[in-house]
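Attaching a single structure in structure tokens format; questions to follow.
A, B, C and D label the chains in the order they appear, each numbered from 1.
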Amino acid sequence: MGTGGQNSNRAEITLVTGVIGADTHIVGNRILSMALEEAGFKVVALGALTPADEFIKAAIETAADGIMVSSLYGQGELDCRGFRDMCVEAGLQDILLYIGGNLVVGKQDWAEVEARYRDLGFDRAFPNATRTEDVVAVLDEDFAARRQG
Amino acid sequence: MGTGGQNSNRAEITLVTGVIGADTHIVGNRILSMALEEAGFKVVALGALTPADEFIKAAIETAADGIMVSSLYGQGELDCRGFRDMCVEAGLQDILLYIGGNLVVGKQDWAEVEARYRDLGFDRAFPNATRTEDVVAVLDEDFAARRQG
Amino acid sequence: MASDSNHIPLSAAQIPADDFARMRSENLARWPTGAEVDLIEAVAFQKSLPVHKQLGWVMRRAAEEGRCLTQPRGGFGTLKLQLELMQALDRDGMADIVPTTTDSYTRNEQWTQAQTGIEESEREGRSMLNGYPMVNYGPIKTRQLIEAIDKPAIVLSGTAMPRLTVEIGFAAGYSGYLGSGIAYTTSYTKDTSIAEGIRNYQYLDRLAALYLEHGVDLHRRQPGFLTGTNVPPCIAIAVGVLDALLAAGQGVRNYGLELAQTLHLIQDAAAIRVCGELAHEYLAAAGYEDMFLPVTSLHWMGAWPQDDAQCQALVAYGGTLAAVGGAVSVTTKSTHEAYGIPTPQANAEGLRTTRMAVYMARHIRLDDLPEFQTEADLLRRETRAIIDRVLEMGDGDAAIGTVKALEAGALDIPWSPNRHVQSRVMPARDVDGYLRIYDPGNLVFADDVAEVHTERLKKRAEEEGVAYDHNLAVSSVYEISEPLDRLLPFPWGE
Amino acid sequence: MASDSNHIPLSAAQIPADDFARMRSENLARWPTGAEVDLIEAVAFQKSLPVHKQLGWVMRRAAEEGRCLTQPRGGFGTLKLQLELMQALDRDGMADIVPTTTDSYTRNEQWTQAQTGIEESEREGRSMLNGYPMVNYGPIKTRQLIEAIDKPAIVLSGTAMPRLTVEIGFAAGYSGYLGSGIAYTTSYTKDTSIAEGIRNYQYLDRLAALYLEHGVDLHRRQPGFLTGTNVPPCIAIAVGVLDALLAAGQGVRNYGLELAQTLHLIQDAAAIRVCGELAHEYLAAAGYEDMFLPVTSLHWMGAWPQDDAQCQALVAYGGTLAAVGGAVSVTTKSTHEAYGIPTPQANAEGLRTTRMAVYMARHIRLDDLPEFQTEADLLRRETRAIIDRVLEMGDGDAAIGTVKALEAGALDIPWSPNRHVQSRVMPARDVDGYLRIYDPGNLVFADDVAEVHTERLKKRAEEEGVAYDHNLAVSSVYEISEPLDRLLPFPWGE
């Protein structure tokens, strides 16, 4: 927190946030949204219980640069099937896709979980209890790389 | 408790009790001694920190029928080496030998521990937290078997 | 769904008998197993259970004898797995109350998907659902679960749409049912209107009352955890009392109130005491003199740490807090909480740790401690302010008042996903570890009451050397889940 | 052994400097590593440690800041194993104070056998000794342990014969030492006279005071657990105060008092408070105004249950009780207690569970609770009755008074193995979970005080429907180790 403005580009970056599927766990997502806003990003917060297509619709409408999906209740894998493909179909081939939370049912090996979500087309996956400072730092990195690349 | 007199023979049976070696754990042994006395046995209580040879001396002096050894601090195996042989040498070949407590260092498989103490010449070995009612019941059984046998 | 009742105007009044009969037959027709429900036969089955398997009776006895019962949560996707789980919780866990948590499809009334889930689970031999699909199995098969245990059983189903599940549950022999219109609608839904959630639970409560009219004393219970995240006791109690008024309006008389632990020994004890007191007071004032209103304490409902050892302390303290507070029962969690649904073994361990903690603290009461009394007084004033305002807004009708008050923020829930809730209130932990309110949103408290909150939180900001801003609330969400080296470091090293 | 001091008549007076010098050189000559001890060099080494590795400083800071530090027990048979253990406790366990428990041979001054034990352990690669043979390794090698950790270290050596071990320990850089003449002689020996035990610890305390005279503020500590088995707080505090008087007499000023938990939240809090109070009062009355006398709370010292889940509750409650009581530190156990010496991992877990429990209860104080005050008053009267009688019997000399009082039973220890102790006193738990005295033996209390004990215990016998006899005491020894289905069954089943 309090890092707003460090990266002069943040104000030009729009991020869509929300909790996917039938998942009501809004707390972490709301804290993340607040932190992203404080850090200077433009944030479009869709809230809990958001179907996959609503993320994409919002991303198109707001010409978003990234989508930040939360999933806590264990059914994230089902809810995210085909998510990247849907983005591509909607013309969002380059959009940054992050996901975070309790991404699977129960306690599983994180490296495996991460790989599974990369296969689903996410650029990055984050375990539960990830702190917002760390998310902001990684976003800066990834967007900086894009500007250079 | 309160089972004193149920077995008319108990009054004729003398038991030596004590905690073997450099072991100060007297509580269980004292509770056992009290319970045996209440149950009607004659009890010769040697207390804590009793060397092996003192058990045998006391057993000879009181013409005891059994020796009840306690060991809690983990070094029981060392302290009991050759205990049955010493009894035999002293002319106590038939004396009943029981031992109870935390008989080894740490948590080990009980069946193995029991076997080890049988090899050392004990008629029975008891894990920690054994209740005195159960000890009295087994004593009655074993002495009854002897009278018949 | 609840289309049937949408044309009845919302009120706290009892659903008329003929309307209710019609609503029931429409409801039961929604899935084949509904046809297995026969109220008279179900009443006979409930009455055939020994009293110690009837939660209504057990809760009353526990309250009389001053006991604190233990109850876990737990549900798996097939009858077989659920049966093994319930036996493990009954026997290995020594649970006094055995739960059946339903799966998410069931909660969302997606029984077709639940059916697929059952079939997949049976094929895979492991649970592909996150709970027991009670509607799909129906009451007759589900009775095997009741017969497999020697304790009373309760249905746990976090949803605003409980109508068919409760029909099946009561007919199957469950004697307890958790859920309520205000608590679940505000914490489990986004678009559902509060009115619709209330109506659905009025149906449920009316059904429970129908069993009572037939001589079966079922235990209804309100889920006091709401959003589970630093809900201040005044809000939890206010919602509990309002939900209880709505249940009483339908004829329910055996109604439990839950309270999530704040993890402050004195605040939690005061909350349990004040909750019982005010519930009786408001229910009596509304003309319900004969309510049984036991309080249940809930293990920490916010984020848990990743370290088993830390979790063990949370589990054990959960038992301590419940016992010291004089709760009639405690609902337990396990060391697996931060990761996922616990194994039966971890669940049973959480129960036993809690039970031992309850045993050790069963004699302790803090009611005569001046700090307890100060806190209880504060809490009474906060809670009365909220409830009185809600009832005022509804002209004495709890249902109407609640809808209006939530819309206006005069009743507010922190971290709610529901659009019809302001969710502007921001709780935070204060300098002494009490849960306070950093930003009340549109909640109105007396000036001196509000001042206590501000002053204690400013004191915390000062002591920690941080700004007095909303990050006090955010860090309070994280707090208990933080690793120990952040919570309590050895402070003098290099 | 202690032959040197046998011709000095027993008294609480300070050992004269020339006698002490002679005693020290005789003592150090008993084993080769004694030659490595050079007081001036050792003082320099102690002073070279950063303050956060000096327990004297750390205890004072913790008391000032109102912290409750954690400390485990632990010792293995080789330097390498001990080093790994201490690092694990420091890092994984986050211990604020890192222990070194010595092995039984070292405690019995059987250094030749200890040497064999080291060799066997090194051959086998696992510990064949139940602690660290500090004398055999000597101070220079042992300093590796001090250097391996970033916390202060304390020696734990339950023995009446500590003379050479303490010389090695202080020279090695240990800044804390647990042990005392009355507590250890009455609980760890059978034939050793109380006088001899006292003399040995007068030596130890004189040595600590010598370091202080050279500017090193070591922390001395009294082992308040005694026989660990239901020791009533009045007896524990009385012994603690008497041991403290003896230590002060030798010049010690930084002296901790330990108290084993009774597991009753209010009784333990009252005991910690009264212990601190009376210690200051008696020490000041004897002319020692400048004593630092922090109280340490000890996890349950009696028999533990076999079930891990129950043990977790005991561990966690141990942290709660210490924090609520305002103890300056807490000494922890683990879930392995009923079986054997814990693994480093189990030991570290016990530390973290305790630490989390301390964190959650750090704000709670019960001193204003009327029940606390009643209990504290009772405890003050009980304890004063014992201490006053002891001092009277010694004409003001704590050493002489203690020997006479123990002989006569005017000071008595339950379940003591020592012949010179009457051990007729029989504690038992009462109807409200307080530890009371069923049979006081020859302890004399005011009639109304004695009546409280009898009345509360009769009440328990009545409630349980058992005879009012000594089995109340025996069942109280078992109690906490009982399985849950005996402690708190579901009472209404078949």
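Some points to look at:
We take it that a contact is a pair of C-beta atoms (placed from the backbone, for glycine too) under 8 Å apart; a residue touches a chain by one contact, two chains touch by 3 or more.
Being a predicted model, the structure only gives us computed values, none of them experimental.
With chains reduced to the mean position of their C-alpha atoms, the one farthest from chain C is B.
In whole angstrom, the spacing between the mean C-alpha positions of chain B and chain D is 31. The geometric centre of chain C is 45 Å away from that of chain D, both derived from CA atoms.
Chain A and chain B have CA centres that are 69 Å apart.
Taken chain by chain, the contacts run in an open path, each chain touching the next and the two ends left apart. Applying the touch definition to every pair of chains gives A-C, B-D, C-D. Against chain C, the residues of chain A that register as touching in their complex are 1, 19, 22, 24, 26-27, 30-31, 34, 47-49, 73-75, 102, 104-107, 128-129, 131. Residue ranges on chain D touching chain C, taken from their complex, read 50-52, 58, 61, 65, 67, 94, 96, 150-151, 263-266, 305, 307-310, 312-317, 319-320, 324, 348-364, 366, 368-371, 432-433, 484-485, 487-488, 490-494. Those residues of chain C that touch chain A in the shared complex are 104, 108, 130, 187-191, 227, 229, 303, 306, 336, 338-341, 415-417, 419, 470-471, 474, 477-478, 481.
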